[in-house]
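First the structure, then my questions, so here it is.
Chain naming follows the written order as A, B, C, D, E and F, and within any one chain the residues start at number 1.
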Amino acid sequence: MANFDIHQIVQSLHEARVGWRVAQRRNNDSSGREFPSRDALDGIVTTLKGVLFPMRLGPPDLRQESENFHVAHALDAALHALLGQVRLELKYSAGLSGRPTPNLEQDAISITRAFGASLPQIRSQLDTDVLAAYQGDPAARSVDEVLLCYPGALAMIHYRLAHRLYQLGLPLLARIIAELAHAATGIDIHPGAQIGTGFFIDHGTGVVIGETAVIGNNVRIYQAVTLGAKRFPTDADGKLEKGRARHPIVEDDVVIYAGATILGRIRLGRGAVIGGNVWLTHDVPAGAHISQAASREDSLSLANAGA
Amino acid sequence: MANFDIHQIVQSLHEARVGWRVAQRRNNDSSGREFPSRDALDGIVTTLKGVLFPMRLGPPDLRQESENFHVAHALDAALHALLGQVRLELKYSAGLSGRPTPNLEQDAISITRAFGASLPQIRSQLDTDVLAAYQGDPAARSVDEVLLCYPGALAMIHYRLAHRLYQLGLPLLARIIAELAHAATGIDIHPGAQIGTGFFIDHGTGVVIGETAVIGNNVRIYQAVTLGAKRFPTDADGKLEKGRARHPIVEDDVVIYAGATILGRIRLGRGAVIGGNVWLTHDVPAGAHISQAASREDSLSLANAGA
Amino acid sequence: MANFDIHQIVQSLHEARVGWRVAQRRNNDSSGREFPSRDALDGIVTTLKGVLFPMRLGPPDLRQESENFHVAHALDAALHALLGQVRLELKYSAGLSGRPTPNLEQDAISITRAFGASLPQIRSQLDTDVLAAYQGDPAARSVDEVLLCYPGALAMIHYRLAHRLYQLGLPLLARIIAELAHAATGIDIHPGAQIGTGFFIDHGTGVVIGETAVIGNNVRIYQAVTLGAKRFPTDADGKLEKGRARHPIVEDDVVIYAGATILGRIRLGRGAVIGGNVWLTHDVPAGAHISQAASREDSLSLANAGA
Amino acid sequence: MANFDIHQIVQSLHEARVGWRVAQRRNNDSSGREFPSRDALDGIVTTLKGVLFPMRLGPPDLRQESENFHVAHALDAALHALLGQVRLELKYSAGLSGRPTPNLEQDAISITRAFGASLPQIRSQLDTDVLAAYQGDPAARSVDEVLLCYPGALAMIHYRLAHRLYQLGLPLLARIIAELAHAATGIDIHPGAQIGTGFFIDHGTGVVIGETAVIGNNVRIYQAVTLGAKRFPTDADGKLEKGRARHPIVEDDVVIYAGATILGRIRLGRGAVIGGNVWLTHDVPAGAHISQAASREDSLSLANAGA
Amino acid sequence: MANFDIHQIVQSLHEARVGWRVAQRRNNDSSGREFPSRDALDGIVTTLKGVLFPMRLGPPDLRQESENFHVAHALDAALHALLGQVRLELKYSAGLSGRPTPNLEQDAISITRAFGASLPQIRSQLDTDVLAAYQGDPAARSVDEVLLCYPGALAMIHYRLAHRLYQLGLPLLARIIAELAHAATGIDIHPGAQIGTGFFIDHGTGVVIGETAVIGNNVRIYQAVTLGAKRFPTDADGKLEKGRARHPIVEDDVVIYAGATILGRIRLGRGAVIGGNVWLTHDVPAGAHISQAASREDSLSLANAGA
Amino acid sequence: MANFDIHQIVQSLHEARVGWRVAQRRNNDSSGREFPSRDALDGIVTTLKGVLFPMRLGPPDLRQESENFHVAHALDAALHALLGQVRLELKYSAGLSGRPTPNLEQDAISITRAFGASLPQIRSQLDTDVLAAYQGDPAARSVDEVLLCYPGALAMIHYRLAHRLYQLGLPLLARIIAELAHAATGIDIHPGAQIGTGFFIDHGTGVVIGETAVIGNNVRIYQAVTLGAKRFPTDADGKLEKGRARHPIVEDDVVIYAGATILGRIRLGRGAVIGGNVWLTHDVPAGAHISQAASREDSLSLANAGA
C-alpha cells in the first residue's frame, strides 16, 4: 500500500487553485508564466555588479587588462537578459490594466537601452556612496573594504539600479531587485525613494525608507532608522490613496542615529542631527540637534510608523 | 617541513569533543547522524512551495496544463523526503527522553500523512494572507507581486508549514523551517504561535512572535514589532517553567505599527490600533487606539522584552 | 541593428573607472586582484565549522569513527586556503601603508599557524556559548538544536573565528567573516569586540556590538540590542579619532533585554539587568535592575546611537 | 602592456565567419540560433530513459509506488522540451528548402504527440532486446545487468527513440540522438536503419550500421561489425545519389561475429551465421555458415570471434 | 486543450512494466531499488583513483605534505560508499538465487575490508603498467604523461580494481566498473580476465579481452585486438555452458599488433609476436613470429600495425 | 570498532608512493602539482570551440550581434588559462631535461600569443573540413549538421588546435587535447601528424593516425583505418629510435575505406583509392584502386566499406 494518498491531495490542491483563480478572476486558460523571475533578476544584478566594479565584484580571476572585454560581454548578456524581464513586466502590466500594448517590443528595447546608458552615471554615484562610508566610519580602512564588506554598499548598488528601473516605469523589476538586497542586508529601501550622492548607511539592519522619501546629498543614517509614513489617507470610498507624498524630506548633510523613527511628509533641514531612538513627526530646522529627551517633551498624538 | 601541525590540532580537537561528550553524557559509541538536516529541510520546503503555488514558486518553465503532474511528482518526493526527517526527529526525541519507540516507523508515516493531508488547507490560508497584503499595502500592485516579493509572504509560508509540524509533535523540524525564514527575512515567528487567516507583516525585519502568542484574523503588523514574554517565571528550583502561556493574545482586526513592543499574556481587544514604538504590558480594550504618548504616561515597572 | 550601444557604455564605464582610480591614486598598471575574497572566506569558514563540530556541521554522511580523518583533511585544506587569503591581506595592507614587507610569506605562515593552533580553544569557548543558550532559553530542547537552529550560535562561531584573526592583525579577513554572519542572521558583532564565555544572543535580529565593547562571562542579550558609541570624537583637524575605547563594558552575568540601547564607554556592573528598549548612557552598578521607566526619568543630552 | 592582441584576433575571426557565411550564402542579419541543441537532446533522452525504465534508469531514490507520478511528470517535461526541438528542426529544414511552413506549430505538436504515443511500444521492443542479450551472453547474470551495464542496450534505447523521430520526418534530431550513443559506446547505428525485435550487440565498439540496412528479429552481432555500402553511385552530374537502398538486408536469427564486414544491398538469409572478420559482398542463403576461410576460399573451419 | 495525452501514455507504459514484471516473475510489491548504482560506482572509482595516485589523479590543489590526510579521508569515504554498493549486490544476488543471507552485513564488511587491504598491491601493479607503457612507446615522454593521457592506463586502473571485486565475489560491481572504462576508452576488458604485471595497451580502441583470458607479465597489445572465444559450447539442453575456460592464454613478453583476433583456449608461448590483423585459432610456440601472411599461408613478411 | 583499518592502508600506500618516487628518482620534497591539467585543458578547448564557431558551439543563447563581445571575452579568458598550462608544460619539461629556463615566463607568453594568432587560420582550415564532410557524405543534410553531429568534425577541431601546440613545442598539451577527442569519438590522431585541408573521417571509431603521418588535401577515410608504423627500429643499444618518419604519406584526393591498415613510410599517390580491410605496406601509384582482393592477390572486385 502506498504511504500517502497523493491523488487526493493533488485533487484538493487543484481545487484550491481553481477557487483562487475564480475569486481573483484569473484566466484558467492562460499558459506560461507571465511574471518576471526573481532568480533571473538575481543573476542579472550579479552580472551588473561585475560590470560596474569589474575588479572587485567581477569574476575572481579577472585581470585589469581584460576589464573591457569582460565588461562588454557581461553587459551585453545582462542587457539582453534584462530585456526579457522588461518584456515580461510590460506584458504583465498591460494584462493588469487591460490596455493594449501595440509597441511592447519597441518599448522594451527603448527602456532597456535607456537603462544601459545610465550605468556609467550609476557607477559614479556609487563611487560617492563608497567614499562617504570610508570617510564616515572610523573603522573603514579602505574603499575596497567598504565595497566588499559593508551591507550598506550592497543595498545602495541594488537601490540605484532599482531606482533607475522604477523611473523607467518598471516598478515590479525594481521592487524585486530591492527585495533581494533587503533579504541580504535587512535594509529595506523602496526603489521609488529619491536619494542624493554620498549616502551612507552604517550597520543597516532594520532600516526602512519609504516610497516617496526624498534624501539630499551626504546624508548618513544608522541601523533601524525608519523614514516612514505617518498615516495612510483614504479616499471617499475608504480605499487607500496611492502615490501621495507621505514620507520625509531629508536635506543635505543630515545625520540620523540608530533607531530613530521619522514619520510623515516632514522636512529635516540641512545639517540637522537626529539622535538615536528619536520619534519625530514635525519639521526640524536646518542645523538643529534633536535628542530623544527633546522629542519626548512634545505631546504626541497617534503616530503610525508603518512605512 | 609541513606548514601546519595538523596532527596536534586534530588531537586537541578530538580531546575537546570527547570532553564535551563526557560532560553532556553523549554516547561515544554511537555512529551516524541522528539529527534532522537543515539542508534537507530547506530542499523539502522549496519543493513544497512549488506544490502549493506551482505557477509562481514551482519550476520556471511549468505550464498550467502540466500543474497536476508537477504537483503529484513533487509532492510525492517531498513527503518521502520529509518522512525521512520525521523519523530522525522521532528517533532523536526518543533518545533524549529515553523512552522506547516501538511504533516509530508507523508513527512517522502517520504524522507525515497527516501533514500531507493538511496542505490544501494551508494553501487556502496562505491565499488569505496574500490577499491581506495586497489589500493592506498601497504599494502592492498585484497578488503576484506579494507572493514573489514580500518577505512577509515568505515568512508566512514557512510559518504555516512549520506550525503544522509543531502541532503534529515535531518541534525541531518546525523550528528549523522557521529559522530558514528568519535567516531570509529577519522575521522570527515561533512555530508554536497560533495565527489566524489574513495575517500581514509589512517590511518585517526584526519582528519577533513568541511561542504562545495567539493572533486572530485580519491582523496587520509592521517591522520590529515584538510579541514577547514579560518575564520568565521560575519554579521552586530556580529553573525556568516551560510551556506556560506567556505571550500576548491579539484579537481580530488589530493593527500594530512598527517597533511596538507588546509583552506578557495580555489581550489586545478586537480592532485595537497600537502606535509605533509603543511599549505595552497591559490589556487594551477593543477598538482602542494606543499611541506612544499615552503609553508613556504609565509608570512602568521592570519589563523584560525577551520573547 | 544592434539593440544596445555596448561600445559606448563600455567606454563610459572605462572612463568612470579611470577617473576613480586617478582620484583614489590607484595604480592603473597593477594587474591581478589583491583583495581577499568573500567567497573564498565563506568556503573556508564553512569548512572550519565542520572541523570544529564534525558530526553536526560537517558532511552529512560523516560517521563518528571517521571524524579524525575528516577533521585532518578538512583542517589541512582550510588552513592552506586561509594562508592564501592571509597573504592577500598582508600584501594589500602593505600596499595601503607603503611599507615594505620583506617577510610577508613567513609572516603569513606564522599567523595562519597561530590561528590553527587556536581552534581547540575556540571549540571549547563555543561549547560554553551553546550551553548558555540551552540553559537560558526555555524553548531550547537540546544543545544540538541550539547549534543547528539558533542564529546566535552561528554568529558566535563566526565571531570567535573572526576575533582570533583580528587579534592576529588581519582586520579585513575578520570583518568579512563577521559580515557573512551579519548577512545570515542580522547580528552585527564587530570582530574587535571582546566577549567572554557563555555568551547567549536570543533571536538576534538587529543586534549591534561595537569594536571596543568588552563583555564578560555568562552575559545574555536579546534582539535589537545595541552596544554602541555615544559620539565620535574628532581630532584637531576634524578627522575622526580612531582606535579609542568608545563602547560599553559589560561585566559578568549581565542580562540586556530586547531593543535596549547602551552607548558610550560606560560600565554595566556584574549581574545588572537592563530592561527592554532602555536607553542608557551612564554606568550601572552591579546587581541593578534598570527599566525603561527609570531610564526615562533622566534628562538626556544628545546621544548618538551609531556603533 | 597586454599579453595578447585580442582585438586583432577577434577581427580576423570575424572576417573568417563573414567569409564563410558569404560563401555558404548564410544570411548575416539573422539573429538567434536556429539549430537543435545537442545538450537539450541529451537531457531529453536522459529523461525519456527514466520514463521508459523508471526503476532502473530513473532517479536513484524512486520507489515503485511512485513510478507513475515520476513517469507522468518526466514525460510531460520531456515532450514539451522535445516539442521545442521539433520546432527548431522543422524551421531549420524549411529554411534549407526554402519552402513556406504555414502549419509549422501544428505540425510540431502532431509529430511530438505521435512520438509520445509510441513510447509504450518502444518500451516493449526494448524489453525484447534486453531479453535477447540476457539469453545470448553466458556472462549476463540478469536482465538488470544488461540494462545497466551493456553498451548495446544503451545504443538500442537511443536507436529506437531516434528511429521513431526519423520515421516522423526529423532526421537531424534522430542523428544527434544516435551520435550521443555513438560517443558513449562506439556503436554507430544510423537512425534510418530498420531493426526488428530481440536485437543484441555484444561488446559493440566499432559497430557501424548504415542508413538503409534492414535487420530482422533475433539477430545478434559482435564488435566491429560493419553493415555498410559497397559503393556510392553517382548521378549523371557526378553527384552522389541519395536515398537509394545500399546496405544489407539481414533476415531473422542471423548471427554475425566480430569484425565481419558486410557490404552492399545483399541479403543474409534466415539463420545464417557469418564468421569473425569475414568480408562479404554477396548474398548468403538461409542457414549457411560463412567462415573467413570460406570467404577467402581457404579451408579454415568456423571461428566465432565473440569474446 | 493539453498538447499531449500524458495520462494515456503513462497508463500504457505502466501496463508494459507490469507485463514485463509478470513475464520476468518480478515482485510487484517490492519497493526501493535493489541494484547497485552506476553513478555511485563512478564516484567511488574517481575517489579511489585519487587514493591510489593522489598527486596526479587527486584534487588539483593537493600538496605533497597533505597527501596522507587526503588519502585517509578519501579512502574512508570511498570504502564506506563501496560498502553500501557491496550490500546491494549481495542482497540482489541473494534475491536472484533465492538463498537466505543470514550474514549479509558481516559479509559485506569483510569483503569491503579485504578490498581496501588490496589497494597498496594494486597501486604497485599499476606502477608496473605505467612503466611498461613508458618504456614501450617511443612517443611517451614521461610516466606522468602515461598516467594522465593514455586510455590504456585508465582502463588498467579500472580493470585492476574491478578484478579484485570480481575475485571477492562481486561480479556486478566489477562489471559496472569495467564498463565505465569501456565507455571512456573503447577498451573492453572483462573483470574476470587474469592479467600479470607490466601490461600495456596502446591506442586501445576496440580491444576486447574475454572473461577467462589469462595474460602473463610484460605483455603488449594494440588497438582492436580481440582475445575472444572461438565458440560457445552448449549443454545437452542447448543452453550455453557457463564458466568454462574459453579464451586464450598469453604467456609473458608476448606482443600482439593491432587488429589481431585470437580465439579460443589456445596458448601464445612466451615471447611470441603476433602481427597486425592476424586471425589465429591455434597455439603458437614460444618466440614465434606470426604475420598475417603466415596465417594466411601467404608469403608476406612481418608487418606490425602499431601506430 | 571501526570497519576498516584506514591507518594501515594509508601507511602502505604511502610506502608504495615513496618506493615509486625513489625508483623514479622523484624529489620527495617538491610541493605542488607541476603537470598540466586535463580538466583545465578540457575547459580551455570547450571555450575555444565557442571562439571558433560562436553561433554553433558557443553559449546557446548567443545572438549574432553579440558574437564579437563573446569572442573577445572568451578568447581572452581562454588564452590566459592556456598561458597557465603552457607555463606548467615548460616548467615540467625543463624539470625532465634538467636544463635551466631563464626565459620561461617570456617563452610561455610568446608561445601562447603565437597560438592565439593562429586561430583565424585554424577556423578557415576547419571550414574546409566541414565542407568536405558535407560534400562527401550523402547523408549529410547541411554543414551545420556536420559541425554538430559528426565525430570526425569534433576530432578535427581538437587535432588542429593540438597540432598547433605541437608545432609550438608543447607535445604534452597537444597530447592531452588529442586524447580528449579520442575518448569522445574513438578517433586517435596523434597531434604530430600533418593533415591538409578538406579532411573527412566518416564514422571514425577505431581510426588511428600516427605521429609522422603526412596527409594531403581532400583526403577521405572511414572507420577503423590505421595509418601506422610497420616496425619500430631500435638503435645499437636496443632502444627504440625516436622521431624517425615511420608512418605513411597520403597524397591529395586519396580515399581509404573502412578497416584498411596502411603501415610504414609508404606513399599513397594522388587520387588513389584503398578498399575496405586492405592490408597495405607498399607504395601505391597515383590513381590506383587497391581492393582487398588485389592486396591478397585474389580476384575480388573493389569493395568499399564506407557505410
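We take it that a contact is a pair of C-beta atoms (placed from the backbone, for glycine too) under 8 Å apart; a residue touches a chain by one contact, two chains touch by 3 or more.
Note that the structure is a prediction, hence the values are computed from the model and not measured.
Both subunit C and subunit E are touched by B, F. In this assembly, E is the chain whose CA centroid lies farthest from the centroid of subunit A. More than half of the contact pairs at E-F come back, by residue number, in D-F, the repeat among C-E, B-D or D-F. Ranked by distance of CA centroids from subunit C, the top chain is D.
Subunit A and subunit C touch with mostly distinct residues; of the residue numbers seen at this interface, under half occur in both copies.
Centres computed as Cα averages put subunit B at a distance of 54 Å from subunit E.
Subunit B and subunit F have centres, each the mean of its CA atoms, that are 60 Å apart. As a whole-number value, the distance joining the C-alpha centres of subunit D and subunit E reads 26 Å.
Residue positions 3, 6, 61, 63, 65, 69, 72, 76, 80, 186, 205-206, 224, 296 of subunit F each touch two or more of the other chains. Remark: the chains found to touch one another pair up as A-B, A-C, A-D, A-F, B-C, B-D, B-E, C-E, C-F, D-E, D-F, E-F.
In the complex of the two chains, the subunit C residues touching subunit F come out as 2-3, 6, 65-66, 69. By the touch criterion stated above, subunit C contacts subunit E in their complex at residues 61, 63, 66, 69-70, 72-74, 76-77, 80. Interface residues of subunit B, counted against subunit A in their complex, comprise 51-52, 54-56, 60-65, 67-68, 71-72, 75-76, 79-80, 83, 109, 112-113, 116-117, 119-120, 123-124, 127, 138-139, 141-145, 148-151, 184-186, 202-203, 205-206, 222-224, 255, 257-259, 273, 275-277, 289, 291-293, 296.
For subunit D in complex with subunit F, the touching residues are 3-10, 12-17, 19-20, 24, 28-33, 35, 37-40, 92, 96, 171-172, 175-176, 179, 182-183, 186, 188, 190, 205-206, 208-211, 224, 226-232, 240-243, 247, 259, 261, 263-264, 279, 281, 296-297.
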